[in-house]
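Here come two complexes built around chain A, the first alongside chain B, the second alongside chain C.
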Partner chain A sequence: MEITILAFGIAKDILGGIRVNITLNEPANIHALKQQLEHNYPPLKELASYMIAVNNNYASDTQTILSTDEIALIPPVSGG
Partner chain B sequence: MIPQENAHLRYACQLVLPGFNVEAQQKLANAKVLLVGAGGLGCPAAQYLVAAGIGSITIVDDDVISAGNLHRQILYAQHEIGRFKATIAAEKLQLQNPFITINAVIERVGADNVMELVRHCDIVVDGTDNFDTRYLLNDACYLLKKPLVYGAIYQYEGQVAVWNIATTDGKRTPHYRDVFPSVDATMVPNCAEGGVLPTIAGIIGCMQANEVIKYITGIGEILAAKLLMLDVQTLQSRIIQLQPASHTVVEALPKPIIAPEISISTYKANIAQYFLVDIRTSAERAFAHMGGVHLPMENLKDNPQLLDQEKPVLLYCASGKRSYELVKILQQVTDTPLYSLKGGMKAWLEA
Partner chain C sequence: MHPNINIEILSAPLELANCLAWVQSPTCGGIDVFIGTVRNATKGKQVEKLEFEAYLPMAIAEMEKIAMQAMEQWPVEKISIHHRTGILAVGEIPVIIAVAAAHRSAAFEACRYVIDTLKKTVPIWKKEFFADGAVWVAAHP
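So, the complex of A and B:
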């Protein structure tokens, strides 16, 4: 299935846009999504941590993803 | 009692608020707030906390005002460049509200002083600009069971959350490490490097003050177990619902890793003694540079043998933050003495 990722902060630079599509084999969970993302965009792995939110809820690695879900990739931010 | 005779006049417009009253004002007067970082977030947060009548505010910052701060750090003026932020902030804020206690602490928050600073307050505001201090504050607040009002900004975006609130079942709401367990700081630009719109600093700082006021008075619903994200380009905001309770145990403060730094004046007096390396991107290099060899950060991370030089190697970037973080990483894989140029290109241009 194809899903759309909304990128925030430095993730916009890493993914090359605020909205990118990614193809996942079904059934897919957050862990599989992260692996695919880090494969397609290696600097994500270097960040060490980032949050995935599904429909505005924090998503753990085992959570299943549906093609209709809104998925946000939220990296840490340090500025003050 | 609220320590002033005309409190009913000064605070009249909040005392008449539905749900607000003299008891709420008294709670503000009794409160002790620790504000770490008197920069883009700390300035607006402090202004509203002071104006609202927080009884005691301690402002901790070891930095001095620079020209590049003035577009967003609105407590400071042109003629105050070079003076300590905490001192100037406390002086001006005290004029705004002479009936509260404001302490300026000119220290860098570190493992040596953080517990003592946090122990004596009711709530902490994180207005820092680097991951090391954010994690340190987070862990100290976790260990001392103090709420922490987090705010962070990048370009046109901001994040706000309140960490570490006691829940009715005796647990604590999530903290920073539940959301971001660790970070490679070289990967995330700060305000000096990535840029920041001044108004996002004001908005997020005000939101932090807003959460402090709500927490102390008990009015409204605080951002506990939630993370607010705001994009000022669209003014779209969203609140991410986090897990209800924290699962990440912090057992002790993180061990500090220090990178040796060289100041601009030291470098200028000993230019020939260092092998100077510009670690910025090609685009940044093309725009302006201060000499040295250009070895971008990613290149150095993958090829640390490039650091095998006869002289000590001095790394520089735009602000001194990326080079500092890179020295922390690379000093573990090379025997060459490594230094970070404090303040980077920005300090070079301002010197």
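So, the complex of A and C:
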């Protein structure tokens, strides 16, 4: 399935845009998504950390992804 | 949104008076306020300006979660959190947190909890601009 990733902060620079499409084998979970992202965009591995959010909530590695989910790549936050 | 919580992410300058007016209550004996300001240097290097970017719906949801957690942990009545986005000059205000409570100790502790947790979990990013380039804060180890 093809999903759209929203990217912010340095992740936007690494992915080359605020919305990037990525293809995953189904069924897909967050772990598989991270592996594919790191394969497509190796500089992600150099970040201090990063999280994936599904529908505005931080997701665990085992969470399943649906094609209708809003997926965001969250690099280390630095608000305040 | 919880009726005693006010969260805003704004691209215009933040107004302290708005946060104060929102939390003011006749049943409260005090308001604790944290105001973040743009510092002119980081690790000895001069900062020219900052840029803040937010994942809007999630940032609002995460800030509401933090305010709810603060209300569960301390007897506070109202919490207002305003955060800026866009380009900010030195001295400008990226964040204001106002907490009103019947007694001051709860307001102080809850306010500190809100800003400390906001910095760890809310999807907002800060880019520091120097004379010789720019970096996303905390991105790399």
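As a convention for this text, the second predicted complex is superposed on the first by the 75 of 80 C-alpha atoms of A that agree within 3 Å, B and C clash if a C-alpha of one lies under 4 Å from a C-alpha of the other, contacts with A are read in each partner's own complex, and residues count from 1 in each chain.
By definition in this document, a residue touches a chain if its C-beta (ideal position, glycine included) is under 8 Å from a C-beta of that chain, and two chains touch if they have at least 3 such contacts.
Because the structure is predicted, anything quoted here is derived from the model rather than measured.
Participant: Which of the two partners, first being chain B and second being chain C, lies in contact with A:G17: first, second, both, or neither?
Facilitator: The answer is neither, since A:G17 touches no partner chain.
Participant: Given the touch rule stated above, what does A:P42 touch, chain B (first), chain C (second), both, or neither?
Facilitator: So A:P42 meets neither chain B nor chain C here.
Participant: Does the superposition put A:A53 against chain B (first), chain C (second), both, or neither?
Facilitator: A:A53: touches chain B and chain C.
Participant: Taking the superposition on A as described, I'd like to know which of chain B and chain C A:P27 touches: first, second, both or neither.
Facilitator: neither
Participant: Identify the overlap between the chain B-contacting and the chain C-contacting residues of chain A.
Facilitator: Shared contact residues on chain A: 8-10, 46-48, 53, 56-58, 72, 74-80.
Participant: Could you pull out which chain A residues touch chain C in their complex?
Facilitator: For this pair, the touching residues of chain A are 6, 8-10, 13, 46-48, 53, 56-58, 72, 74-80.
Participant: Looking at the complex, which residues from chain C come into contact with chain A?
Facilitator: Within the complex, chain C contacts chain A at residues 36, 52-55, 57-59, 61, 83, 94-95, 115, 118-127, 136-141.
Participant: If we count contacts the way the header does, which residues on chain B are in touch with chain A in the complex?
Facilitator: Result: residues 37, 39-42, 126-131, 134, 151-155, 157-159, 179-185, 187-191, 194, 196, 201, 227, 229, 231, 238-243 of chain B touch chain A.
Participant: If we count contacts the way the header does, which residues on chain A are in touch with chain B in the complex?
Facilitator: The touching residues are 8-10, 43, 46-51, 53, 56-58, 60, 72, 74-80.
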